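Before anything else, here is the set of structures, which you'll find just below.
One chain, chain A, links the two complexes that follow: it is found with chain B in the first and with chain C in the second.
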Partner chain A sequence: MTLAKFLTVSTLALTVAAPALAEDKTISIAGFGAASGVVGIFGQNSGAAMSAAAEKINAEGGVTLADGSTAMIETTYYDDRCNAEEGISVLRRIATTDALVAVGPTCSNVAEPLFGILQAKVDDDGDTGLQFPVFTDVAIKGGLAGISEWVFRNTPSEAMMYDNLFAWIRETHPEAKTIYGGVEEDFAHSRATWYAVMKEAAIKHGFEVVGEAQWLLNDTNFSNQVRGMRRAEPDVVAISAHPFTTCGALREMARQKVEPEVLVGLTSSSSLETLSGCAAEAEGMIIPTSFAPVNDDAKFAADAVAAKGAALDLHSAAAWENFMILRDVINAAGIEGTADSRDADRRKIRDGLAALTEAEGLLGQNKRLPDGEAEKPYVFVGASDASWTVVHAPDS
Partner chain B sequence: MDYFFFIDLLQSLTDGLLFGTTYALIGIGFTLIFGVMRKLNLAYGAASLAGTYIGLLAFLNLGAPPALVFVISALGAGVIGLVVYYCCFRFTPETVPMASLLASVGMLLFIDEVVVHLSHGMPYPYPSVFRDSVIEIGEVWVRGDLLFVFLMCVVAMGVLFWLLHRTPLGLATRAVSQQPRAAQLCGIDSARVNALTFVIAGVLGGVAGAMTAAAVGVLSPIIAMGLTVKGLIVVVIGGLGSIPGAIIGGLLVGAAENIFLLLRGVTERDIYVMLLLFLFLTLRPGGLFGAHAGRD
Partner chain C sequence: MDFYFGLLQIFGVHTLLGLSAYVVLLTGQVSMAQAGFYAIGAYAAGAATAMFGMHIIPAVLLAGLVSAAIACAVGFPALRVKGLMLVVATLAFGEMVRMIFFNLTWQVERDGALVGPNGAEGFRAIRYFPENGWEIWQVTTLIWIFVALVMAALWWMDRTRAGAVLRAVGHDEVAAQSIGLNLTAVKVGAMTAGGFIAGIGGSLYAHTVTHIEHGIFGVLLATFAVAYPILGGLGSVFGTLIAVLFIQGFLVEGLRFMGDWRSLLFGALIVVAMNLRPKGLLGDTPLRLGGLRRKPSSTPALQEAD
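Showing the complex of A and B:
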């Protein structure tokens, strides 16, 4: 090829490619949470769900910007190791990038202090807090969105789910009178869920609390705790702990022949970890959850995430939903997607999220509440033959 | 004293003493290495757990029976112990004592991360034996699996004593421990003895890791930090460098943990165990059986 021919071909190629390059816009959504460490599986699942959701959105044409052009969603996942200081540092770093919104964090003990660095009230000039929208998928401890108007959550309402669960248990097991609680005392979520949610709901529905056993996240011996349980002979045992100690306690219960009529677990335990750790001992355990692959959309999402080597559960399903909700918000908000419009775009996304009263979820419509929290459809699942199966769907 | 309380006290003591043997094994591992090299290997707990995961692999992928899983766990930990020796101790300069200590901290974090990464932090079922068998002595239950753990640990200690006191390797180990230079002058290859000590300590750690996982029935990376902290407490209480001290210290920590759990609840339990550690460090820094340390 002569030099003249080469230049001609190159010029033509560039001319053809130029419009395509101009349209190759991206909107960046950051994900963050614990992707390593002992609770790293939560972040790994969420990261995979975000990536799969972004691929689906992009395959369907991406998002529409203010000028009518389209942009692809780009996502990066940052690891905070379930550590509050690292979480704060990660969010500050994300705020310096092109990301318009962040989805995370995983751990409630990170979420609480992290939300504290955000501006509490929008347009409060006296508050120099970070002005960056955060849309939480996993950290589930109740009431945290109220800390800042830049925070929105798509986590299920445990108070509502357990209230209905104990109402259902009361209805289906009228002979059950007493309950015994087992709680992982040093983890914010499990502790808050037993004392402020499960226990309250059980009492409300007429169960007498005949005892409580406490243990710590890395405990390996549960004989003392389960002995108290055995003596109390409760009809219902509720375990508010994460999979490792849930399994340890369940094994000890089996050993000491503690066989309650009903076994209730923590929302976070309705995952693969519990079944991989102690499927036999967890048999029959009932847990309320805001995700189960019960319809076509949910099955599609579960398959898409499974194809990435991860699992869709109540936490990672929220990450998937968050991306779909953000797609709709971005489409409606008139995002410009330029470097100059970054702060304004972030504000538009915040306002868009704040204006939502309903959003499409995998199990149906999610209610968006004025304080940034959500009320999501849910089902009760039970451990059966090493898998989680729906035992009751309250709205059906 | 209330009858049930008395029974609970006896039960807690029994469980604590039985479970304490795993702490004793970890303590022996720490103390064995310190005794020979005068150096602390802080990666020991993590290496023990990593070995336990190797046994778990055999269980999950090959369906290996429990006995074989325990043996593979122990041997796996022994091999990792050797790797730790070559990476953190063999080539670090003798003139910088902190070098090997910090290298072992780095190795602790590295092994921990590798285990968490490969296991995704998920708990996996670990085989246990005599899980459902219980010996009832009146109101007090002796768990069959914990009794097995206890016996396994006692056997491991017995084998260790035989190795140290009845074999040429043990003689060489004790010689290097007492007078490394004189031992070398007598033709003992101290580097080889050190390496073998790491292997033996690793095997003991592997047994402890396997028995801990077998007692819980679940293996999780969470266990590593507990093994390290408990092992260090045991050697401080028993006396750094003393094997009988590690055994007594292990049983004492196991029992104290359970008694404090019963008396003060889980949230205060560790406060009292740490207080015990603090008391030993200030009032008897050499521990129960260690050499008395001088003070300025």
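Showing the complex of A and C:
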């Protein structure tokens, strides 16, 4: 074989092989959160939603890289058991992999320390914090994204949702005057939501707080708390607790025949766990949520996640949305997707997320805020006949 | 590489926690208060650096001393009881500490932001290391310097009369008292030393995670503190280290991929380990480095008689 023939054959072979090589390219997005333990169901749902979203993106051709080639999305979910130390360890592990961005965590008590180990301000050479973009889907406690400029959240603004919810209750139940709060005191999110969000919003809209009952995440007996509630005879009862103790409190309320005119729940309780745990007792409970299968996109996503044996709720829907937002960011950012460009690609994704002012969500446009937080469309859902149905859509 | 340094940090602070219980266990007492001392150290050092701008080294030592002082004060009444009653008393102390931090709100303004414990929401922004340019390997080195110092101190103590006294009280209180040992002084001394070590561990922990809250320092952590030296064996300080590597390295990190099964296996493997090695992974006989180099004489007493 002459040199000319050899070069011709080699060139042809490379030309044929090139598309195949391009198809083998992958972009890794890691998921992490609580996939086991008391709140493990949240992580399991998020993991399934990420997997389903990645399949949809890949079925549509994947993502486009800087050189015009396409790459498939691959995802791995890591369990942090809702433990801060483990969450930090998991993120450090993710940072050693090819993952360009991480979606998580589940728990606010993991998110706070986790965001604390990240570099607070981008390009601050004096800050040796970890430089890795995190796009949070579940941890919802207010104001956490401000801890680091490497953090972005796609969680709804509870302050806005509950403010509108209590305004709506005031409007639709003008005779209701008093409110009683029940709070899961040892969980960062539920505690902050009652004292800093629900209670403030209720007072702002003219409700008199006639009492508060506190319990803990692992409590199973609520008789004393509900007895106080019964004595106060409130018109509205607001329960700021996760599904497990929400159901415990609701069952005790049913036993002691506490029947408020309006029952309000925590955003995180607008999930299947509440209905599977205490559908009858939760009947009529109203919760603001950033997800309900009210349009074709939302229904498609819900079905795709259900096919994986999980459920799409406001948290796992955020995980789905995060992947779709990341797809668009990756397409626009000129990601190279090589081992050498890993750090630069992570930075491009961070900058891409920071530059967003709007993003497509399942219920409509999500407004991206400068501090990394989001304002998402939302609806009020009510428990009815063992399912969540939309009782009011504020923007419609 | 950062991941492995992060793991080493976890091993380091947990080793300190375990060693704090190890000292107390040498006297035959089971203290569930170590998580409380750990919490005191964490909050004290966090306050020192984040609220008052103190350097990390004096902050860690200060935290250790604060914890030691409280451990000493707690030791007098608590060690009047023993066995299960002591477990209950120290458990109650640990929960009391946790509830104090659950309700403690004390914040000062630094650089326009409020910093300090904020009740149930915890203590945020204990960011001494990243804000002062410490790389992760430097933080890991600092932690392991403290671990090495504590282990060396305990190893040395075990070879002195102090170690013999602690073990004597642990083996048989009546016999120890009959030879003139002051049981209260020995037990309170061990409790104080344990409080100091736990305080150092807690202070380093707070600075590696940057955010602490009451929930971290609960019964589970107290159980781990006692489990490390028991699982590793009370023969030497290395038993605690081995147990930390087994639990944090293998059970927590190594089995992470197993999801819910990990929690099941976690307990089962500890039970298996305790059945196979009932006196701990390294046993309860003091380990002597000299013994590794030369075989001990089989009949030392007879040789002396000759």
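As a convention for this text, the second predicted complex is superposed on the first by the 374 of 396 C-alpha atoms of A that agree within 3 Å, B and C clash if a C-alpha of one lies under 4 Å from a C-alpha of the other, contacts with A are read in each partner's own complex, and residues count from 1 in each chain.
Here is the rule we use: a contact is a pair of C-beta atoms (placed from the backbone, for glycine too) under 8 Å apart; a residue touches a chain by one contact, two chains touch by 3 or more.
The model shown is predicted, which means the values in this text are computed figures rather than measured ones.
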Combined model on chain A where chain B meets chain C, clash or fit: clash
Partner chain in contact with A:74 - chain B first, chain C second, else both or neither: neither
Chain B versus chain C as contact partner of A:328, first or second or both or neither: neither
Touching partner for A:86 - first (chain B), second (chain C), both, neither: second
Chain B versus chain C as contact partner of A:273, first or second or both or neither: first
First (chain B), second (chain C), both or neither touched by A:40: both
Touching partner for A:185 - first (chain B), second (chain C), both, neither: both
Which of chain B and chain C A:55 touches, first, second, both or neither: neither
Touching partner for A:371 - first (chain B), second (chain C), both, neither: neither
Which superposed partner A:219 touches (first chain B, second chain C, both, neither): first
When the two complexes are fitted on chain A, the stretch of chain C hitting chain B, from 116-124, 206-214 or 260-268: 260-268
Chain A positions touched by chain B in one structure and by chain C in the second: 36-37, 40, 185-186
Complex interface listing, chain B residues touching chain A: 4, 8, 11-12, 15, 19, 113, 116-117, 120-125, 131-132, 134, 141, 143, 212, 215-218, 220-223, 225-226, 257-258, 261-262, 265-267, 270
Sites on chain A touched by chain B in the complex: 36-41, 44, 185-186, 214-221, 223-225, 227, 231, 243-244, 247-248, 251, 254-256, 272-273, 276-278
In the complex, chain C residues that touch chain A: 1-3, 6-7, 10, 102, 120-122, 124-127, 129-136, 208-216, 252-253, 256, 259-260, 262-263
Interfacial residue positions of chain A with respect to chain C in the complex: 35-37, 40, 78-79, 81, 84-86, 88-90, 92-93, 95-96, 109, 112-113, 116-117, 119-120, 126-130, 147, 185-186, 188, 191-192
